[in-house]
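In the two complexes that follow, subunit A is the common piece, with subunit B as its partner first and subunit C second.
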Partner chain A sequence: MRSQAMYFKVRAGDKLADRLLQQNLAKARSKFVDARAAAVAAYDGDFEALRSAGQGIRDRVLENLDLWLETFEERARARGAEVLYARDGEEICRLVTGIAQRHGVTKAVKSKSMLSEEAGLNAALTAVGVQPVETDLGEYIQQIDDNEPPSHILAPAFHKSREQVADLFARAHGKPRKTDIPEMTREAREVLREHFLSAGMGISGGNFLIAETGSVALVTNEGNGRMVTTLPDVHVVITGIEKIVPRLEDLATLMRLLPRSGTGQDISNYVSVLTGVKGEGDRDGPSHLYVILVDNGRASLVGSEFQDMLRCIRCGACMNHCPVYQTVGGHAYGWVYPGPMGAVLTPLFTGLGNALDLPHAATLCNQCGVVCPVRIPLPELLRRLRQRQVEAGLRPRGERIGMRAWAWLARRPRLYRLATRLVVRYLNWLAEGADRIRVMGVAPEWTAERDFPAPQGRTFHELYAQRRRTGEE
Partner chain B sequence: MRVGLFVTCLVDLLRPGIGFGALRLLEAAGCDVVVPGGQTCCGQPAFNAGDTASARALATRVIDQFEGLDYLVAPSGSCAGMIKVHFPELFGEDERMRVRALALADRTFELTDFLVKFGGELQPPGDFRGTVTYHDSCSGLRELGIKRQPRQLLGRMAGVDLVEMAGCEECCGFGGMFSVKYPDVSAAITDRKCGQVSVTGADAVVLGDLGCMLAIEGRLRRLGDERTRVLHVAEVLAGEDC
Partner chain C sequence: MAGAGPEGGLAGRGTMEAGTVADDVLRDGRLQGGASGGWAGSAREQILERVRGALGRTSESRARALADIAAALVDRGHGPRPPAAADLVERFKRESARMSSTLDTVTSLQAVPEAVSRYLAAQGLPRSGVVWPSLAGLDWARAGLTLEAREAREGDLVGVTGCFCAMAETGTVMTCSAPESPATASLLPETHVVVVPATRIVQGMEEAWQLAREEYGMALPRAVNFISGPSRTGDIEMNIVLGAHGPYRVHIVMVRE
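The block that comes next holds the complex of A and B.
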């Protein structure tokens, strides 16, 4: 997917001006937040200890990622899977289209895979004559809406209202418009069933890879994942190299964290652990299983100051709780991953210079950091990205010089006192005796949206010195 | 007990009364308060902008100024968080400075936290009467665990009636330079906070950080709310006549 992350500022402005989107976001805003709070409160154990355990599992994997990958590869192969590696999105497309052509596939059903979004896989499949059909309800909605990208990693159509979806369905399905959600889902299911039965290939993501068994774990809420991975004769898994966990037991720990953090469920509706191809006597399952393990920038983070980010289990909690995401929605971020995790991943995966706004598009409130199930210090990582921008000379000149000049002044107290006395007098002159400034020439951005409370009159240090003098007399 | 008051750059510039309020409270708690003359800013703006060199230079100055005192107290969760949590990180490679930063971090406190820990049964001298609602600032809450401390102190004041707002732990949208880089997004976040404040009908929203104060008061006034006062917790506890 081509990144639009350079245009965050403009896009965010557009999203704020979009009345319908704002209404939809206002309605959806607290849903996952409240659900997580309730799930954590109801958890009959120490959730903070669980978070630490989750972090520990992910950290141990990342310390020896190559070894765990070897183990996974060996065990998965032993069960008849073919394990392939893709360096980047282009290679994902090449591998998947190649597999489709080898098996004479003309239609592929897909359950959600963010990696396929990274690669722009649907366009590549279409180009070689393979029809990709998204079967996750949210992804399906996005696909029939002219392939609009998802705005949330769990709920791709998070930004749409029921009315908008009703219109889309009526148009795409050519049936009378419905607004009752169960009826709408039933209608989508009928359409999708045809595709499930006629597709030659299933494409899925993988939430976790289990090294000891060579299995792929899939976490879904709609059951479409089961159809995609068992009905067609060919199943292709596309997932990141960092998704490994050592043992099944680790999966159990992470599964206690993932649904609770993301959607506030105790457990997702479906958890599938898929191991190998259809065995002798098995009634269903694919005869061919390909697992494509993708780098696309991940390997370079191992051992770097951004390694913590690889712990991410894609639960969505950080975006759900982010004041900026809640305000502008996912599309403003301009690439596959929105919210705090996206603001970290996008510059790391697509280049520091290609997403200059994102690390700054955060108040650093750390609401993300305290809900992240694997304790990723997101604000710290954003700050590090800001540092890298400064070091690489990627910040505007005025900003850099301004910051340095201010810091220079702040190291010289006498001069600083003089400057602050002048600033206070200037601000008071601007306030014209009122308790606020309505238009501030030197920082017009501030007073564009709010007043600036006028200073009380004198600086603290000025008054303090004065009081000391009179006190001593 | 010699306590160094770290006034913070924004209090110095905009609302010195908060600094004098902090002074009065610390003295009422029996502290010998010193205001080191060379202090300016903790360097957080530079740190958050990614200018590590400037941040280090300013941090070094704060350490120089305050390390001889028993405690450093700041009427700001944000600045106290910078000193307590981030100063040691800043000097990760410089062992000598890191040790000094850690030593200062151990003795650094946000004002209400300090008053609850070391102020005994301090009776706040302020005479505020009315209902207040409390906004938890992000750094204070999530870096330092400031939550019950201000409420405990306000609870000792007979005239103060605390009504909690929904979402009191949500960010106000300030975010330092964020509010200048993305004024529209910042204001939209603040609007939610203003709405939550208004619903309580409180006479004042009380908070512990100047940044949040600028954001909330600035937006409330722009939206036409002339009634709701925006007060720093030190102003309420100490009285506004400082």
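The block that comes next holds the complex of A and C.
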């Protein structure tokens, strides 16, 4: 997927002005937040201890990622899986189209795979005559809406109203328009069922790779993940190299964290642990299993100051709780991953200079850090990215000059005190005796949408000096 | 680097002969130790080299870490857990209801067909479908049910399955695929009826895996599925709808002898 992340400011502005989108976001935004809060409150164990354990499991693997990969690979191969590697999105496309052609596949059903979004796989499949069909309901809605990218990693059509979906269904299915959500869901089920039964290949992501058994774990609610990995004769898993967990017991721990953090469920409807191919006498399941392990920027984070990001288990909690995401929606971020995790991953995967605004598209309020099930210090990573931008000279000229001027002033105490005294008096004059400033004289944009609080009296230095004089402590 | 090798391979695209991209990939993907001339082999080596470089891997650290990994893989310790339920059956009942499953209890395996029949009649559901071959021995016909012992296909409306075990913590049933327990029977039909012996209810996923290790050894069945209620989606306006791609309803018949 071509990144549009460099246009965040413009896109965010468009999203803020989009009244329909704002209505849709207003309806949806609190649901994930409330659901997580309820699920964590109802959990009868120690959720904070669980978060630490989740962090520990992921860190243990990252510390020796090369050897865990070799271990997984060896055990998956022993069960009949072909384990392949892809350096980047282009290589994912070459591998998957190659596999499709090897097996004479003309249609592939897909359950959600964010990596296939990273790679732009659907276009590549279409180009070689393989029809890709998205089967996660949200992804399907996006696909029939002229392949619009998903706006949320769990709920790809998060930004759409039922009326918009009803229009899309009526157009794509050629049936009378329905607005009852269960009826709409049934209609999509019937359309997609045909595809499940006729596809030669299933493509899925992988939530976790289990080194102990060489298995791929998939977590879904709709059941499409099970369809995609059970009905077609060929199953292709596309997943990141960082997704390994050591043992089945570790999956048990992480499964207490993932659904509660993401959708607020105690457990997802289906947790599938898939190992190898159809066995002797088996009546269902694929005869061929390919597991594609993807780098696409991940290996470069190992051992770096951004390694913590590789713990991510893609639950979506950070975006659900982010005031910026809640306000502008996922599309403003311009690439595959929105919200705080996207603001960290996009510059790291697509280049620091290609996503200049994203590390700043955060208030650093730390809601994301507080809810992250594997304790990724997202605000700290965003701050480091900002620092890297400064070091690389990527910030705009005006900002650089302004910062230099401020640093110059701040290192000269007398001048600094004089300047702050003048500023405080100027602001008090602007406030005209009120406690807030309606229009800021030198920066009117600042007060276009909000008031600016007026200073309460004099500067700190003045008050401090006065206290010293009057003998107060 | 990327793209230098593949062009040659791409020439064979669209044919099924040796020498296509896929065949190169599959052959080279298996190579260990970087002896490959193919691009997939080098992708593997290049990625692993990047990781090794980033970790500062040396032969001594490799030997040490491999020993740690071998030890970690046989360690059966587990992470923090909620307190154990005093009564597994009660907890399972409560949690399965929270996941929107319904539940009925019978006192013997022989009483299962009648219970299934009662449920289907009460719900006004069809009386025919498929059953796991492992449960084909029960007298379904006498309960007025027409169940074929096989995998499910399109058009089968009822799927009756057993389970490997069940988990009290989340009201989950665990199924393992095998010739006599096909995975499709719990997936394709609109109604999934699952038989759960009360003696097979365990605390949580850790005990379920322990049981699997005892009964399967190292080789897990192809598909282990943890099923917690009917399939669902919230993809349209975050409204939860039961019955997305899988069953609309899951009914548990618990056997408590």
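Convention: the second predicted complex is superposed on the first by the 441 of 473 C-alpha atoms of A that agree within 3 Å, B and C clash if a C-alpha of one lies under 4 Å from a C-alpha of the other, contacts with A are read in each partner's own complex, and residues count from 1 in each chain.
The working rule: a contact is a pair of C-beta atoms (placed from the backbone, for glycine too) under 8 Å apart; a residue touches a chain by one contact, two chains touch by 3 or more.
Predicted model, so just to flag it, every value in this text is computed and none were measured.
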item: Side-by-side fit of subunit B and subunit C on subunit A, or clash; value: fit
item: Which of subunit B and subunit C A:Val439 touches, first, second, both or neither; value: neither
item: First (subunit B), second (subunit C), both or neither touched by A:Leu50; value: second
item: First (subunit B), second (subunit C), both or neither touched by A:Ala123; value: neither
item: Contacts of A:Ala392 with subunit B and subunit C, given as first, second, both or neither; value: neither
item: First (subunit B), second (subunit C), both or neither touched by A:Leu463; value: first
item: Subunit B versus subunit C, judged by how many residues of subunit A each one touches; value: C
item: Once both complexes are placed on the shared chain, angle at subunit A toward subunit B and subunit C, C-alpha, multiple of 10 degrees; value: 130
item: Closest approach of subunit C to subunit B (Cα atoms, Å); value: 21
item: On subunit A, positions contacted by subunit B and by subunit C; value: none
item: Residues of subunit C defined as touching subunit A within the complex; value: 1-3, 6, 9-10, 13-16, 20-23, 25-26, 29-30, 40, 43-44, 46-48, 50-52, 54-57, 62, 65-66, 68-69, 72-73, 75-83, 95, 98-99, 150-151, 154, 170, 172, 177-179, 182-184, 187, 204-206, 209, 212, 218-239, 241, 243-247
item: Residue numbers on subunit A that touch subunit C, as the complex places them; value: 24, 27-28, 31-32, 43-46, 49-50, 53-54, 57, 60, 63-71, 77, 79, 82-88, 90-91, 94-95, 97-99, 101-102, 104, 128, 135-138, 141, 155-158, 160-162, 165, 181-182, 184-186, 189, 192-193, 196-197, 211-213, 215, 221-224, 226-227, 229-231, 241, 246-253, 255-256, 263, 266-279, 281-285, 293, 295, 299-300, 302-304
item: Residue ranges of subunit A in contact with subunit B within the complex; value: 9, 12-13, 16, 323-324, 326-328, 360-367, 369-370, 383, 385-391, 395, 399-400, 403-404, 406-407, 410-411, 413, 416, 420, 423-424, 436, 443, 445-446, 448-453, 455-461, 463-464
item: Touch list for subunit B against partner subunit A, complex; value: 7, 9, 11-17, 19-20, 35, 37-41, 43, 45-52, 54-55, 57-58, 61, 138-139, 142-143, 169-171, 173-190, 213-215, 217-219, 221-222, 230
